[in-house]
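Each of the next two complexes has chain A plus one other chain: chain B in the first, chain C in the second.
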Partner chain A sequence: MFTRFHLSMAWLHTWFGLVLGYVLMACFFFGTLSVFDREFDRWALPDTRFEPQPMPSFDKVLQPAFAQLQPSPVEYDLQMPVLHDPALGAPTPRLQLPPDEYWAYTTHRDPVLAIGAGFRVPLAKDPTAENHIHGDATLDPRSGALVRADQLKIGSQWFYPMHYGLNWHWNNLGIYIVGLAALGMLAALVSGVVMHRKVFKEFFTFRPKKHTQRATLDLHNLTGVVALPFHFFFAFTGLLIFAGYYWFPVSQFQLKALHDQHEVVEARHTGLPHARSGVAAPLASVDAMVAEAQRRWAARDAAGQVGFLQLHHLGDANGYVSVYRAGSDRVALVGEGIHFKASTGEVLREDPAPSAVGQITEFLTGLHLQHFKHWLLRWLYVLGGLLGCVCIATGFVFFVEKRKQQHAKTDALGSRLVDALAVTTVTGMVLAAVGMLVANRLLPAELANKGEWEKWSFWGVWLLALVHALARSGPVARARINPAWREQSWALAVLAVAAVVLNAVTTGDHLLKTVITAPYWPVAGVDLSLLVTAGVAVWAARHLARRERPATAPTTNAHPTPLAEVAHG
Partner chain B sequence: MTRNARIATPFPRLDIGLRIVCATLGGWAFSWGLVACGTAALAGLGLSFHDAEAAMQMLGLLSLLGILLWSVAGTSAVQIAGWLVGGATLLNAGAWLLQRALLA
Partner chain C sequence: MAEALWLITAGALSLAGMAWLALAMEGHWSQVMQRPAEAAIRTRQALRMFGAIALPLALLACLQADRPSMAVLVWLMLLAGSAVLVAMLLAHRPQALRAALPLGGPGGPGIRRGAS
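Our next item is the complex of A and B:
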């Protein structure tokens, strides 16, 4: 496109970065929050504020809980017409579908347990397929009671899916957009390194006292370079986790025949029954199977907590129980499953050590999904994620600063629009997240569908931030700073402090208690982070006010911009 | 980034449009072919299907990135499009033939 390679890379960096940057900001910010998704869950659901629990007894706690599960009415309405064959008879009513599969999942940070069941559609169109309609719930493992289903786990059910799918479920469009943005991130990183070529120098260069354009570019380069391996690995491993879903699902399409043949061979090799036999059989003690699995892990010198438990082909002679280890002692996402015959408890199979390719995949996915128990590393992830946010945000600001003088002269709207969208995706997005926490504490606990109200409050605050940023963008057209940056920073400071106060008032878990008298770090950590956010927002607002003031006189960016400084984008 | 640093082309907007199509759809079609053909080939050489698929997916992602960068930096957009269409066709045909041979 250009006669010189680095100019092509600069074009790519500027325009792909601008268009996809808004999405990447959401990925990085909510990805950062997801590092502590379980802690946000505890903050939002005061009933679940107790210590993490190991996988409870199946025979005493889980089995009665599983018996209470029902197929989801929404999934029943959607899937029954797809799976059921009307030529074979009337569809089985929802509450009469027989359970075929149970599962339970926990991590070292979960006081409550996620459980679920797959219910079998008896008269199915394709009897060889799985034909499941699902139902799930959250369980208090101390009592075996189910936690209310209409409560939203704000961390793990809202912030976490936001970072990989934007919570935009229509045809999974959000997941596809994030996939494209992640590829754009990799390209922006490579092109960013190519166009600067002074990576080592930029590691140490930050001149905050210089004018906005120079200081912003310094910060953009510094945050990009300091966490370069982190940014690259997270974009790459994020892509890798979904590669078989949206980029290259070759085994579902082009190579389906080869894949299916391999599945049959593998099933024969593992000895685990692929389908029901049709012969009824009882269930032996699952607790005894778990104890045997733990004994075998201990013999390998591995930590013995169960992370995932799954029962297949319930009540059938082909039924089996899979017990997987919680991999909290290593980065790689391990399973090390041991499988038992459900009716006798006999070991059917012990998963072998993964192949070289399997080890690499487990390590890369584990690096992204962080099931390990290492708090310092977890905080370093937060730091890396926030550096990514700063890098993207300063990219927007630099784009605007570089062009707004010129756009002011020609009455072009570009800078004004880009700036308003930047305000919305930087301060507006944080406002939406904190606003959701405030709504969580203000809405009554007994409100039906409380989670839905919280979601609407999130989108509502974000939409307000957009409207505000657009409405206040006039000064950008005159080459000045949009006051919405400052005003939203103040709003953020107020909301963040309000969230901490509301938590103390409505739950009694104030910081003195959660830090000193009865330490409970999941809630204290969120409260302290909110206070730090408020502090940074106040500092930013005051700093912006100082920057805005001379803008009334024609001195802002009045310095002629040296050529060297416009080399970026 | 001055205007005269651009490579001369009679239809600059069309050139940018074609490069973006090459960077996204072209890269995807080529990399899909690479993953499919590579997976079939590695499976044929005795690697388990899932290992072959996982290894090729990693390579496929790097191929997507490389093609994206090449589509913007390459001299001629038409030439890049030609290579991508040709390569994607050959690789996908190769994958299909290999699968047929392996299942026979």
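Our next item is the complex of A and C:
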């Protein structure tokens, strides 16, 4: 019945799924949270809890804010020795670096906007290169005041980078590991469908009352199959978004000359100056340019707000201003950029409509990055992400269930270790995320480097979960359930409720207020989701307690036909 | 507002379609109706057809609410959500799916005709 092909697919699915599953779990879980990253930001930074704002006036609000930006000291120490040529003179002090580029970015879910500047190193080793040292900030567009920089936007600056790079910055290793896991996931999906063989016959099949191994496999198949398009397209488009990045070693070294030449050719083609001219020039009204861009979008039947604004070669005759449209009304991630000469405000170029291939790429990357305004689809993405989490988690449980009897007989450690790591990546990871939110509300607001403390609490909780899962893994060696599953579920319920209570106490934004008297859904949504999490955790803990009890009686291990039913895997 | 109504319609069509497709299957039919599936072959064939029509109709409803690129995504995710919901109902409250039968619940005219 089993062909060699089936067996090799089963091997691939089992072992790639197991090893990469731990990484994929993080990608799926934090990806799911990232659907509402801006809402977590609001929860974590109470002084940014107001309505989303459009891109503010450049002339009145942005320009004075840009003037306050400074080059990052860390980047200065790191990049100055690389970019500066000591033969030409002493290094320019950090605060005397002239700004060369400004940008501002916002979305339909952002009350505050991200702004940044690229500062030019004047005495550079390679004058034709960009030579930028960056500085960025968060701006309250209502007042023009900068938001304190040492706070962490937990959604967009922690959960989101966790999703695509595990927050492991050393040599960007995290991004490469996630890329490898996404590739492995595509293989796991194909091999999984090949192994399943009853994709349609068992499309709706879930038999929770059967023994754990059967029920787990049902759930694994169900969550994998019904959301197969989601799983496939998110792994695929994730790879696509980073496709250019994964080639980093080649593009930065072997292909660098080609890349630089391409930039020059492209600049000639678009008419947008590639470098500074060296001739000083003033800046015309950027607000007038923005108004003109909006008029041109409206003329194309695509009226909209500005999502991204960028000023190049500041104060130079070659300076130009690029205005990009926010993509809140469509899937495709299109900027429809319009570029103006900075000194006069005349239009230099309108980005042409993309080619057919370009349109497909924009659709595929857009469906993953979701700049669109569609709350139902956002929640459906959350559902897809959670189905992915269940699929991976049940994969772990099935792996352990299938082997633990055998391992108990032979004293092998495999299933015990796999199970402990599964506890760490399933309940432990949720604990770390919720623990971070609790820390965010417990740590005093005025604490210096508050964001760093929150990061440490995240890793700390996760490490504790790992230690706990390993310490309590003894029963698995006797083919029983690790009580850490249940205990961490209880801990999760407690922490999730604590986060909601602490939010109400420290900010006054309790659910009665955020839902009824002064509705503010970004915060209410996070609070309600935390309460649902607590509810599910309590249900799971009680369910596990019931399952642990009969496990003391050896008779339940004798299922008459488990191997016949669960033949593959 | 019209968009919301179309999306609700799409959700209802996709859920009903998935429920009908499930009921058309031998195992699930007897699980829900507590009667042998062989006796209702014609009813189940009709249900399969209803299901096969409802799912594309759900796509049409999505297309009324949003531009096509967005509608396709909403539709695919609604299908996934509906399938999970139907599977969970089958696992925990199979009788609840009798509500999905177009011609009334158990013993309704459609069933009796199919069962006879």
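We take it that the second predicted complex is superposed on the first by the 541 of 569 C-alpha atoms of A that agree within 3 Å, B and C clash if a C-alpha of one lies under 4 Å from a C-alpha of the other, contacts with A are read in each partner's own complex, and residues count from 1 in each chain.
Keep this in mind: contacts are C-beta pairs under 8 Å (C-beta built on N, C-alpha and C of every residue); 3 or more make two chains touch, one makes a residue touch a chain.
Just so we're clear, the structure is a prediction, and the values are computed from it rather than from any experiment.
Student: Is A:Ala227 contacted by the first partner chain B, the second partner chain C, both or neither?
Tutor: Second partner only.
Student: Tell me which touches more residues of chain A here: chain C or chain B.
Tutor: Comparing chain B with chain C, the partner touching more chain A residues is B.
Student: Just checking: does A:Phe363 make contact with chain B only, chain C only, both, or neither of them? Give me first, second, both or neither.
Tutor: Touch partner of A:Phe363: chain C, not chain B.
Student: For A:Phe206, select first, second, both or neither according to whether it touches chain B, chain C, the two together, or no partner.
Tutor: A:Phe206 sits against chain C, while chain B stays out of touch.
Student: Check whether A:Val526 is in contact with chain B, with chain C, with both or with neither, and answer first, second, both or neither.
Tutor: A:Val526: touches no partner chain.
Student: Just checking: does A:Leu377 make contact with chain B only, chain C only, both, or neither of them? Give me first, second, both or neither.
Tutor: second
Student: Within the complex, which stretch of chain C touches chain A?
Tutor: 7, 18, 21-22, 25, 27-28, 66-67, 69-70, 73-74, 76-81, 83-84, 86-88, 90-92
Student: Using the touch definition from the top, list the residues of chain A that touch chain C in their complex.
Tutor: Touching chain C: residues 201, 203-208, 222-223, 226-227, 229-230, 329-332, 363, 367, 372, 374, 376-377, 380-381, 383-384, 387 of chain A.
Student: Applying the document's contact rule, which stretches of chain B touch chain A when the two form their complex?
Tutor: The touching residues are 1, 5-7, 15-16, 19, 24, 28, 31-32, 35-36, 39-40, 43, 47-58, 60-61, 64-65, 68-69, 72-74, 77, 92, 95-96, 99, 102-103.
Student: How about chain A: which of its residues touch chain B in the complex?
Tutor: 1-5, 7-12, 180, 183, 186-187, 190-191, 236, 239-240, 243-244, 247-248, 250-251, 254-255, 257-259, 261-262, 266, 355, 357-358, 360-361
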